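As structure tokens, the structure follows; a few thoughts come after it.
All chains are identified by letter, namely A, B, C and D, in their written order; residue positions are counted from 1 within each chain.
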Amino acid sequence: MTDRHDLAELQQRLVDFAARRRWEPFHTPKNLAAALSVEAAELLEIFQWLTPEQSAAVMSGEGDGGGGGASAARVLDEVADVLAYLLQFCAVLDIDVLAALSAKIDRNELRFPVPELVPEQVPKPAPAESGGQKPADPSDE
Amino acid sequence: MTDRHDLAELQQRLVDFAARRRWEPFHTPKNLAAALSVEAAELLEIFQWLTPEQSAAVMSGEGDGGGGGASAARVLDEVADVLAYLLQFCAVLDIDVLAALSAKIDRNELRFPVPELVPEQVPKPAPAESGGQKPADPSDE
Amino acid sequence: MTDRHDLAELQQRLVDFAARRRWEPFHTPKNLAAALSVEAAELLEIFQWLTPEQSAAVMSGEGDGGGGGASAARVLDEVADVLAYLLQFCAVLDIDVLAALSAKIDRNELRFPVPELVPEQVPKPAPAESGGQKPADPSDE
Amino acid sequence: MTDRHDLAELQQRLVDFAARRRWEPFHTPKNLAAALSVEAAELLEIFQWLTPEQSAAVMSGEGDGGGGGASAARVLDEVADVLAYLLQFCAVLDIDVLAALSAKIDRNELRFPVPELVPEQVPKPAPAESGGQKPADPSDE
């Protein structure tokens, strides 16, 4: 990740951007949470009909039926929108999103211990291939 | 935002976390986009029946009907989940999310020029009060 | 609701529509659930910056800043898309959606008993005005 | 679909259910659109880590890692919630959802003509197998 683009600096640019355009009255936490959810769905929309394999190739332009990178540009755009609304949401509520994530990873490391491996253990087949489900998920709280 | 929690470092922790638990087969871009969207909806769920005013008080514990901070903890948790899946999505596709956001803000500054103010101009009433809609939005592309 | 448009008949039209265009391979339950979620977010997008009052006026064309009914047409369109994907999802999994809803309402009637009113009881102020939260919700399971 | 459960009748039950519990103040179109979106995401959550094949087996109890039908019950529950909020949304805005869907299918039949087949034509491989994308979609407006 490029050092030039500090997260806190980008958050401040977003806050200033909205203030100069007098958009604060619209930026209630409720509205920003809705907007974040809408942008996340727009990112999902790019993938909704793709196979898992096509979805993995989306940035190379091979996943968009010869679109020549159209999907890649859309992905970058939606990813930026999701982060933009997340940072604005956190700014309005004075939430330190990096501290929140760090604390969550700490909790998840306790909740989901790494299965111990005996040295000779042959790695199990990947769950998706063996028909199993992902055993648990950090966000399934 | 605390300096201790560098975004790139947190992203690496998430990548390592998934690798140690052999979750990579599940972490296709499509699945991570779905999970991101689900977490954003869980954040929205906290606000779905709140008035704009209640939504603004959600971190103080006044917005949750005397829940004593239960909503605040949920908000922190969902915010962390949204960022976690966004960073994992970007890691899998080798996307620099901060560069993507920086480029998007640059584009939006051209697209949404700041309305010029004559010095004596009385600020217009906030759009939400005057019955108007937010004139345009950076993510409406 | 007009009698001409029977739900089962519309569901059959959707199934035939997809079959004639050879879209079945795309219509896995997972993909249809993603598409349903995307369409629901597109409906939400229309309302994301509106006040509660503006949202109530959206079909009269007053909620869209003089859009002359543009929002109303969008609402009808998105509502149709949500139902279309819900019916296709249920067709693929052989789910009787009306029976599912009927059973759910039955369960909710047991779960959320109607508060008894003494005859002289003055109706309480509406919860949104009294600062309270919706006490419980049929879908909060 | 069982005749006993008429859509209009279920919609009326939902309206009465909310009225008896004095929930109307919460049921603005904006809030109901948010709730609909949240429920659609909860349906998607069931499928987020499943392969396409596992997602097709979700009602048989084989898709939930031996959960013995737990996923099937969740699917029925979420499907009912999605329809419930869609019907309540339409009731509040006086929208005839079946007419909206019928009109949308009419438009889509003009927009997406069925590709003509010469009698001897060998059916093309399903798009998902041939690496192509779904050529177009009724909801992509």
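Simple rule for what comes next: a contact is a pair of C-beta atoms (placed from the backbone, for glycine too) under 8 Å apart; a residue touches a chain by one contact, two chains touch by 3 or more.
It should be emphasised that the depicted structure is a prediction, and the values quoted were computed from it without experimental measurement.
Sharing over half of its contact pairs with B-D by residue number, the repeated interface among A-B, A-D or A-C is A-C. Shared numbers divided by all numbers used gives the overlap of an interface; between chain B and chain C this overlap exceeds half, so the copies present the same residues. Chain C and chain D have Cα centroids lying 9 Å from one another. Inter-chain centre distance (chain B to chain C, centres taken as mean C-alpha positions): 25 Å. If you average the CA atoms of chain A and of chain C, the two centres end up 27 Å from each other.
Residues of chain B in contact with two or more other chains: 26, 31, 34-35, 37, 40-41, 44, 47, 49-50, 52, 128, 134, 137.
Residues 26, 31, 34-35, 37-38, 40-42, 44-45, 47-49 of chain A touch chain C in their complex. Every residue of chain D that touches chain A in the complex is listed here, in rising order: 34, 37, 41, 49-52, 54, 63-65, 128, 131-134, 137.
Residue ranges on chain C touching chain D, taken from their complex, read 1-2, 4-8, 10-11, 13-14, 17, 20-26, 28-31, 33-41, 43-44, 46-47, 50, 52, 55-56, 58-59, 75-77, 79-86, 89-90, 92-105, 108-109, 112, 114-115, 123-124, 126-129, 134-135, 137-139, 141.
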